[in-house]
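When the chains are written out, they are named A, B, C, D, E and F in that same order, and each has its own residue count from 1.
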């Protein structure tokens, strides 16, 4: 057995769960722990963890699903680009079904060679190389985990002298949005499950503010069942001990300083910028944009978006923003379960099985809440 | 009834045939009349005329099938062009099945977007216009009937500023090859059925040498059953009267001077050149080539044919040349009917139903002979 | 969603929805609605006959029909010309990503209507979606099941010299209508496809006379190819008379412009019949009684045993008709 | 000629040649060689069952099989899981211009061999050629005809709480093998498709016990979707145990790399069986006796009437398994 | 050499294009190669282009010649 | 946020490419984002790229911590 397999050993996991259950019952009152990473959300859902925890525990789903946090207008811009003659939009498959005003990328893909799903942005560069007559626009979404790979794609395109590769920029960074959440007066979080793969790039440092400035326990966690249980246990221990530290429970992947080489490449290509989050609005320094010397790879500079976004007329009536902010429950949305279903989603929260609305619909116990300051 | 329909009236045609049969039997000895136009060959075959004529009459098939007279190396060059990345060969469908050394255009068409059949060279220009990244090479074969249309395509491409349209030149002209045939010591022709559609462009003049210089009766003929019967009768009358004239029996389409406007366009773009004929070799002034001012549209100037034709290694063992020259009968070819069949032709004479070999195979009475001077 | 996407073919929820909303909606019946991996059929009486055809026509909508109507007619007709009473069809759809769902609906509606007219039920179906650029909008396979009554025995009939060749109407209409609807040729005409169900007509033919030797429908390859197959299979010479061949003027016109011989153009609603000479008149009369047989004509006869097809031309000459060899494409000469 | 051209599909001489040289050569039998518009079938005994499927797999050759084998297995299996003894298949080919004839031969040989193993005859066929760029090399439709003996009555069986869910081997091998063979992902493995004939196994299952409630093959959409269909159709709750699901390590590995859940990957040689609790052991033993059932396992049971599928995770949690919704594509998260 | 068919001009679209008709089939025809074409004219269509106008009186003369000859045949028999 | 899986490096192809293996599946991996990778190393694969090397001793320590905790649970019960 590969040593990594041991992280999945069922026997230890059951023991860890038992331990966790014991600890939670020791604590009186509600405890809210937020996982900010979509992949954590997915893992938690796949192991059916939420319902195994005592009823006084809520695992809140944070803004870590790149699909859910990307604003409506971005999708519309991507679609309008795909519709242009000579433009091919390259994207991670996750985006295909997200509805824009009148279409989805999946529908545009069906109309012609307008949308291509890729496994990696490096594949998008290859497509641009092989189709010199097409402008290949890669939908640059995701967080620090993906940003270095996208940066690499820019360096690759530059080395190949490609003038037909560009990014539609919406890369985001985690710590600023986490701080925004902490500052939110309606939101009351007892601890954070920090995103392990983001941390594998940026290290533990950037999360220290949680403990130091806001007195919140936080654990950088991996994604195996054991990792998650262990991390929750570490948070619980801190809560019980009324202690606030940022613990690295994923040291096999997360170095204190992250991955210096990846960070260097990322910083060579990108710089911080304000970014707009669905349901949260604009957050300072929460996004990445191409540095001036790479602006030739910005789709913004190659196309006139005014005309594109001018098209945004019809809204789908989706309440995803409010759901994400906790102003509404999914069931409060009048489209929920009737006009909006996983097969015909009207909002991003219904797109993936782990989206807040989809999860709610299928009665997997959902205890997500996220209040906005507005 | 449209007045043109009257040319097909069965009753008159039967009478004409009767008359013709009577005349032929009057004449003693063999009479050989050559139709030089492939469309005449086809019409004669479609009405089953050969077997209706007395046995002392032979209708010889001349070099008027653009497929049959185009040399092997031309097909190979066309195929090697089609095989090149970024090159699309546009062609009349007739050429698809003609075998080259290792392939046919039909096979190349099947491999990818390498060959496109068109109804008109003007369509090839449209294809070039819509596919700026492809070089569209039109296979410029045919005679004076088609040459003006091909000239028009060049003017069209020029007007549209296309730099990706070119011709692979093999256009031929009729009168020079007819003179070559007349001069052939082994060939003994009593009269010519002159090509009516070539004459619609070039007029009657260019055929006068047949009567004036070689004392041969010749009739410019149309393509309806009545046209052909009437023309043969006119030739017979002259033979009987030992008279040699060039008669225009297709005056509804053929003017004495042809079509001046078409001629002007043709001469604007093309000039006479030596041309190579399968089975007959090179004949002076029997071809058309782009004038110097249009040489930018010559595929010869865009591609290196030395390398292409260098590939011509394997020969198919086809005896088409000798069959066309009358040195061999189709049945003398060892491939005839066994390895070479209409479904799997090895030579151009087997490609169309009216090709010498195909016709022979299916026992439609074939009486073609054509001797070379070699 | 107005367009077919790959998700409509992945076996999941969207596909089930598509099948329910369109296929079951239009074609639903007790057998199809079993919805299992396979469908149980009620007991049948008579000899079972089966046939299969895939339809890849371009364009999918054409004057006189669409690929849905064609797919039902084609397979019903193949059963019918073998003397069978058609009972069931299966329906295999290969949709191309990007097909408009409205078009699919029109086509399936057409399938359902034609099946109803033919008296056949869609017994089973399948839907696949292929990526954009790997299909032709829609390809349809229909496989048919029918039964032949005890009184019909086409298999053992012997074709003899003197037998008449009869066709139920003009030839090549379908092929010409398809060509005319292809944009690249820049032609237009009022011509419509002859696409039609033949099962009533064949039943009428078979009940009108015991002298029927052979029935077929001259589809791909046209009349010449269909007759060539008979000539080869039954080792007979078939002779046609050019002068009495029913060819519409538009078909002739299009053939002239494009250099295509109508003898090689497909019909999709004509029966080609070989009948004993003495029965020919009765057969022709029976055929003319049918609304789709009004143009019935004797076009030739069996004249020997040379496994070939000849055409006596208007002038009295003879042309040997070979099976179709090339693509039907406009030619230079 | 080494390549399929449009002329191979025009109904003419080249097509006839192709059919004779390849289809008849490999698949020829007394019924197919009738060569008529439709084929007469010998008398059958039992209740008739039919099914149809088109196969559009990409790539057409994959580890463990090819589209020909798949096309026969798929349709034979659909008959088999409905309790039928498969007898006849029809074979509808849609070839893309440019397909190498050698590849076609390999595929048809594979069709013939698999049909022989299954004991079915190819009763009728059809060949169409679509232009280069309008197909996927080759698409195949097979339509099957089989008979169900009087002793088998799956249709009326009632699924009840306590019934066991049994699968004949590891899940998702076919889907994973296909994904692994797609170049764009730059992966490789020794994984082969599970593509196999199930008719012997289903016959064994049905003769081993009268307690069989339902049989199916979890193809497109995978195990989760197949079970969801049962749950919906029969209005039962099905509960799976994650810990005992047989999933090969390569399938897990590929799922991890590409972000794809093996529960939604197709199997093409597995039987999914619902059996009465008290019969489960006998059924499992009978299945294990078959060479393609050695990996048989009970993976869950019927636990209620909620029309849903649940998975009890290794940790004891519950996941609701929805039918497949999206394309199976690698995801970012 | 070259298939060509007569069509009747039923519409002049512009300097370069006309619509021809024959036996109920209409076809777009390029008319650049001929001069002074009018609706009602017959033109000879080859490879998408009109390559010559038809001379109707010459046609009638040819037909008359046919008939004369055909009559000859009748008489001589 | 981001799916990533650990794979074992079984071949270094060149400066930018390696072959990784996990559970019998091999995958081409871009290694530009990490330094000093060797055959036998485990790396974290995300979107076609190795984004970090795995630290094996840290992994063992974490596993030990798991076990300790699990034992706690056993004892406390």
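Please note the rule applied: a contact is a pair of C-beta atoms (placed from the backbone, for glycine too) under 8 Å apart; a residue touches a chain by one contact, two chains touch by 3 or more.
Because the structure is predicted, anything quoted here is derived from the model rather than measured.
In this structure, the chain pairs A-F and D-F differ in their number of contacting C-beta pairs, and the larger number is found at A-F. Of all residue numbers used at the contact between subunit C and subunit D, over half are used by both chains, marking a mostly same-residue interface.
Distance from subunit D peaks, on a Cα-centroid basis, for E.
Taking each chain's centre as the average of its CA atoms, subunit C and subunit D sit 31 Å apart. Centroids of subunit C and subunit E (each the mean of its C-alpha atoms) stand 36 Å apart. A straight line joining the Cα centres of subunit B and subunit E is 22 Å long. Centroid to centroid, with C-alpha atoms defining each point, subunit D and subunit E lie 62 Å apart.
Among all residues of subunit D, those that touch two or more other chains are 5-7, 13-14, 133, 185, 322, 325-327, 331-333. Each of residues 1-3, 47-48 in subunit E touches at least two other chains.
Shown for subunit B are the residues that touch two or more other chains, namely 38-39, 65-66, 92, 97, 119, 123, 142, 146, 342-343. By the touch criterion stated above, subunit C contacts subunit D in their complex at residues 5-7, 9-14, 16, 34-41, 43-44, 47-56, 58, 77-79, 81-82, 84, 88, 90-94, 123-126, 128, 130, 133-136, 139, 141, 143-146, 148, 155, 216-217, 219-222, 225, 229, 233, 264, 266, 322-328. The touching residues of subunit B, when paired with subunit C in their complex, are 10, 13-14, 17, 38-39, 42, 45-52, 65-66, 92-94, 96-97, 117, 119, 123, 141-142, 146, 225, 342-343, 353, 362-364. The touching residues of subunit B, counted against subunit E in their complex, run 2-4, 6-7, 11-12, 15-16, 18-19, 22, 36-39, 64-66, 92, 119-123, 142-143, 145-146, 148-149, 152, 174, 195, 197-198, 200-201, 223, 226, 230, 233, 249-255, 259, 261-262, 265.
Interface of subunit C with subunit B (complex): residues 184-185, 243, 258, 311-320, 322, 325-327, 329-333.
Taken together, the subunit D residues at the contact with subunit F in this complex read 180, 185-191, 249-250, 252-254, 256-257, 259, 331-333.
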